[in-house]
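Shared between the two complexes below is subunit A, which has subunit B as its partner in the first and subunit C in the second.
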Partner chain A sequence: MTASTTGAPATGALAPRQGPRRIGTLARLWRDRWIYVFLLPTLVLYGLYTLWPVAASWWYSLLQWNGFGSPQTFVGLQNYADVFRDSLFWNSFKITFLFMLVTVPVRVLIGLVLAMVLNHPRLPFQRIFRTAFFLPVVTTTAIVGVVMQFVFDPASGPVNLALVDSGLRDQGIDFLGSSSTALWTVMGVHTWKWVGVTMIYWLAALQTVPRDLQEAAQVDGAGTFKVFRHITFPLLMPFLVIITLLTIEQNLQIFDLMLTMTGGGPYYSTEVIEVYIYRWAFTTSVPQLGFASAAAVIFGVMLLLVGLVQLAGVRAARRRAGVV
Partner chain B sequence: MSPTSRRQVLSTLGLLAATGALGACNTAPRTAGSGASGAGAPSGGSSGGSGNLAWWDQFNPLKSLQEKTFAAFTQQGGPKVDYTVYNPNDQGKALQLAFGSKQLPDVFSLAGVGVPVTVLLQQGWFSPLSTADDITSALGEDTLLDGVHRFEDKLYSFPIFSPRQYDALLWGNSDILQKAGVDPENMPSSWDDVRAAARAIQKSGTAGILLPLKFAERMQAFVLQLAQTAGFNGVVGGSMDGIDLSTGEYAFDDDAFVQAIEFLTAFRTDGSLFPASTSLDARAGRARWAAGAAGLVFDGPYNAGVVRNDFSSLLPKLAVGGIPTADGSPAQLLHSPIGGTFWLSGQSDKVDQASELMVMLSAKEYQQGLAEAMDQPPLDLAAVASSQAAPSYKKAIAMFDEQVRVGPTPEARNPAVATALGKKAPVEPSLGTIIQGVFSGQVTDVKGALTKLSDQSSAAREAAVSQVDGASVKDWAFGDVDRSQDFTAKDYAK
Partner chain C sequence: MSTVSAPSRRWRVGRRSDVARRDVSLRRRVPVWVLTLVVTLVALAWVYPFAWMVSASLKDQLEVFSAGLDLIPKVAQWENYRRAWSDAGFGTYMVNTIIVTLGTVVIVVVRCAMAGYVLARYKFIGHKTMLLVLVGTLFVPAGYTIIPVVEITQRLGLLNSLTGMVIALSGGGQVASILLYLGYFRGIPRELEEAAIIDGAGFFTVFFRVMLPLAGPVTATVVVLTFLNTWNAFLLPLVFTFSRPDLRTLSVGMQAFLGQNSVDWSGMAAAATISIVPIVLLFLFLQRYFFDGIAGAIKS
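Here is the complex of A and B:
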């Protein structure tokens, strides 16, 4: 054993120090004890409320279990096979991705337009507008869902009253009760609710565009569109990738709004995967926690793949932006 | 001595806070006598506990009756009762969690728990009533069935409500009906008459009828009941839903079901359906109807109790008619026996005290209180006539007495059936969801969808039965049952 491994000086107090000392694991733990003490609550809570449920879901997905009492039968991968065989799972899968494919581009585009407008130096009341567009983001989603049921009520909702009073319709549209309109209505509400976040992302991104470049272009005679096309947009490209990927992940998690606005109906037409899982876990006559967990694991893997794509996208964007 | 550093102060405070938080997180049952109740005893606990009794149910309209009963119990020397009324949607989850953490209340109803009671019994959810003799003599031997209320000769629960009931009463607002020329005293009795009345109301400026289409289970109940009035030989309730009584086979594709669904969708075709029906469940729909949004609504007898509590000005204007039948002839329905309403916890250490309290629920005074609460009809229908209940409620109960008989249930014939039901996988889409699909236009082939439902239900039942010794699909077949008579305990022995 040498002094360098024990941390003790080799040749008395007067010996010159030779580089950083290496200390043992226990000593290092003791030295950094306060770091671990302060990390402990986070680690415990993260373990309890994130890691443990994830691990438990994987285990439950291998069981036949109704959630009442103890009898749990190990069924291997049977639940996964059942989920893949269920046409309603694929229906939910399709709806989830349709929702994402429609709402992500719309949200990203509207967010950009709003940010561009609100970033204009001559726009009055900028703060008021920014607050107004961000306000739905901080409103509780479940409350938004319930209120929107009244807003889109076919008999007395303000939207339908406006349509009928203006003569555009003879009678109200059953926005949430018709399979042809329910999903699109929720998409609209979801975009309205969350576009404020995307707008903030874009506003932050716009602050990185050097104003002198834009002013130089304007001096050279470029109009607003040309400045955007040739200066602003190319500089925003790396952010477009990141913002799109963040929005994709957010738009895959729409349980609260969908449950409160439509409950997945009518007749499964708005049943995204999260509502599908909830139905099998909690609202069937006899809960099927194993089956629901299998569906949840599959959905989790799907999100993981999106996360990996996100990671690759962010790295590519950073490389493009010249950030190491 | 060196002064205390800021780090030391912070760390001490942090440790104190952590200790406090950990203490607060302790959800373990408190010991008896500390004010907690119903917890801490091993499964099948004994009777010597002290402290309050805990009681959970979902019967909001019965709240004042329950409180009155519990106060009387305490006055007679019993312990105080900690009473919680749950939202029916939440109670199942609460019970599920409470059982896992050994904190079941001493007495509870089973709202939101779809698992058959025999399965729960095997898991230790229940204790037998120690006052079985008192309860049996109060209610009568015929009311209590083996495999439903009694298991291995021990009484575990009993019904407080009558099986003579259905959900598809036709309720109306007299003012709106009269304005449309519909006689509130003689509500339409045939399907065509109801459609005509709804059209007339629509013409008079109010939506004709409101259906709680968002509540799939309630729409399913309506169709199951309407199908019987169109000739389907079935029983409403329990595990007999959609089963032909004579053969024991699932028969959702019977013409009577198709006709019942067509009857309901006809309101939309006629233009007399309240437009927001698709977004309304029973509670929201009832509130909109009571506010004058529509003239007619299908609802259970409890509508009267809710109207009295929440929309009292409407109570004198309530008009009620029996379930309409396809041809207008008097309805004759079979309803399965009502299971136990309240159950004693298998984790309770106050079984004797809780059993004493349960005896009060079998008394005549409690039945009278049930009648006046105007919720589901009391087990003793005669209590309604002499009560202070509203005339419309009395009329509804009188119709139940004439129109509904108690049908058979396979669990009472063979307890193994209940175990098999616990293993039966749910079938989706259910009848209620199919009805929603018909209204939303996604299900166009009604007969085909119902045939598929019958096939899937049969397959699920066969798979479940095959896992249980002693259970057979034949347990659901009852041959020729006299629909004008109650199917009693003696009939199971035949």
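Here is the complex of A and C:
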């Protein structure tokens, strides 16, 4: 907030009006016509497929609308009232946040550990390891989800075979078929699938820590832990905020894996908000597009709030980095 | 002083059994080979699901269940691949996915490079607004916009077509790509353009003959990331092909395959392998651009 007040007088808000205004607006637009030609594809595509949908969702959320091409009736805030009354909406709300609260710290932490290990100056085959840990990231989530249904199969899936063969369990666990384990299993797979991204973030961050500094401290007698505590960690702090926020943003979008691994089941125990919206919009016998839009708007507002927190966090991190 | 012996412990946090952790004080430093061994084991576990998948794709339909954890099939059953490719339609899905991915990559590169260029180089009416709107919608998720996207595509008469899919995939989002180009073009010295203009080059020529070729590294990153996102896209292709199974992409086809043949594990594994191999190969050959693209989010 303070930044904007200090910035305003310097740029001279009055200048464009009273200062040298050599050519008129129309002439300026004509002179810059090529610029607008270059922007045209983005303006049209982005307008149609990102801006318009964001705005339209708000309008649709006020309609009673049972399928694409069928008539729309204005019902005011009725859909919102219905969404808020639906216990399954709150259920999916809870699951979405639980998923985020568990997977974000785990992903950030494992990513850091992996990055620090791979950054170890004397570790051989670093590039091969990096490739191995990143591999799941590039594979198609929807296909991994289907494959994982088989990997976690209670009778013949490799995970349960290993558990039974090693004598840890008498019989297999129905990881995805039981509502007490399904969500945790997906969380595990999600972390396995995406932690490579966080690892790359941390590796990029670690590259900004000068190795001389660490070595100098070591020469002075500091152990690895002390070096980490007093040198590496403070330098990584600003990145911690940014990486955590990027990871939050990514971990709120888990539709592909959820739909293909569990479909939201069993008994809605893994139905995150995106799957909830999808179910009402596309898989019920009578689509409730207005109702689904209302849920989507609430989801969007939620993401916006997360985004605002993100902005504040990044600012704080920048300030901190400036101090350090 | 006790902290001096602690360092060795931190390389193994969460990765070692308690037994190993207890005798840590005996050693001052973890030998590199121990670290290497641990990382190797973890890395092998990491890629195990893919090894299992490829192995299952070569076993016969009974062997998948009976052979247990054995990864090597008795006799490689290439017939699984034939079944997935022609009977289950993955040949068609592959062609659809390639068309959609290439189409999207071309449109995204051209439109994002052009937008990034003018936003980086020129001040014009609407410049600030446009930047603000782009950054403001950086994180709009697909799940939020899917209903209006389907509606508008239907109104344009493109719903059940690959063209519609390409346009929708290349239209939504992609803000990050624009910002990548913007940052890069900002760093190129103006003299280059001025020299070209003196030589009589127009706006269009300057961009396509001088600036775009200079932006090779960014283009590579954008191509690779867009390729990845489009190849792996799921929600939009799923919703766009409800009434046209012949237009499914690989990711959607897999879901349908499961619905029809839930007992054909080896066929499923073959289909999954077919779908994943192209993107994995691309990654193995162009790793640098993948990592650059991902790390770019941190550096900016």
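One rule holds in what follows: the second predicted complex is superposed on the first by the 297 of 324 C-alpha atoms of A that agree within 3 Å, B and C clash if a C-alpha of one lies under 4 Å from a C-alpha of the other, contacts with A are read in each partner's own complex, and residues count from 1 in each chain.
The rule is simple: a residue touches a chain if its C-beta (ideal position, glycine included) is under 8 Å from a C-beta of that chain, and two chains touch if they have at least 3 such contacts.
This one's a predicted model, so the numbers in the text were calculated from it and none came from an experiment.
A.B. asks: Given the touch rule stated above, what does A:V186 touch, subunit B (first), subunit C (second), both, or neither?
C.D. replies: A:V186 sits against neither subunit B nor subunit C.
A.B. asks: Classify the contacts of A:S57 with the two partner chains as first (subunit B alone), second (subunit C alone), both, or neither.
C.D. replies: Only subunit C is touched by A:S57; subunit B is not.
A.B. asks: When the two structures are overlaid on chain A, which partner does A:F133 contact: first (subunit B), second (subunit C), both, or neither?
C.D. replies: Second partner only.
A.B. asks: Touching A:W34, do we find subunit B (first), subunit C (second), both, or neither?
C.D. replies: Both: A:W34 reaches subunit B and subunit C.
A.B. asks: According to the stated criteria, A:Q149 is in contact with first (subunit B), second (subunit C), both, or neither; which is it?
C.D. replies: both
A.B. asks: By the touch definition at the top of the document, which applies to A:F68: first (subunit B), second (subunit C), both, or neither?
C.D. replies: Both partners, subunit B and subunit C.
A.B. asks: With both complexes overlaid on chain A, does A:Y268 touch subunit B (first), subunit C (second), both or neither?
C.D. replies: first
A.B. asks: Looking at subunit A, does subunit C or subunit B touch more of its residues?
C.D. replies: Greater contact footprint in residues on subunit A: C.
A.B. asks: First (subunit B), second (subunit C), both or neither: which does A:L206 touch?
C.D. replies: After superposing on A, A:L206 lies clear of both subunit B and subunit C.
A.B. asks: Thinking of the overlay built on chain A, is A:T141 touched by subunit B (first), by subunit C (second), by both, or by neither?
C.D. replies: Second partner only.
A.B. asks: Of the residues on subunit A, which ones does subunit B touch that subunit C also touches?
C.D. replies: 34, 38, 41, 68-69, 149, 155-156, 282
A.B. asks: State the interface residues of subunit A toward subunit B in the complex, per the touch definition above.
C.D. replies: Checking each residue of subunit A against subunit B gives 34, 37-38, 41, 66-71, 88, 149, 153-156, 171-172, 174, 176-180, 263, 265-269, 282, 284-288.
A.B. asks: Show me the residue ranges of subunit C that touch subunit A in the complex, using the header's touch definition.
C.D. replies: Subunit C residues touching subunit A: 3-11, 13-15, 32, 35-36, 39-40, 43-44, 46-50, 52-53, 56, 64-65, 68-69, 107, 110-112, 114-115, 117-118, 122, 124-125, 130, 133-134, 137, 139-152, 154, 167-168, 170-174, 178, 203-204, 207, 228, 231-232, 234-235, 239, 242, 250-252, 254-255, 257-258, 265, 268-269, 272, 275-276, 279-280, 282-284, 287, 290-291, 294-295, 297-299.
A.B. asks: Applying the document's contact rule, which stretches of subunit B touch subunit A when the two form their complex?
C.D. replies: So the residues of subunit B touching subunit A come out as 7, 11, 14, 18, 93, 96, 99, 113-115, 119-120, 123-125, 207, 213-214, 274-279, 293, 422, 424-426, 428-429, 433, 436-437, 439-443.
A.B. asks: Subunit C touches which residues of subunit A in the complex?
C.D. replies: 25, 28-29, 32, 34-36, 38-39, 41-42, 45-46, 48-54, 56-57, 60, 68-69, 110, 113, 116-118, 120, 122-125, 128-136, 138-144, 146-151, 155-156, 158, 161-162, 165, 192, 197, 200-201, 203-205, 221, 223-228, 239, 242-243, 246, 249, 252-253, 255-256, 259-260, 273-274, 277-278, 281-282, 289, 292-293, 296, 299-300, 303, 307
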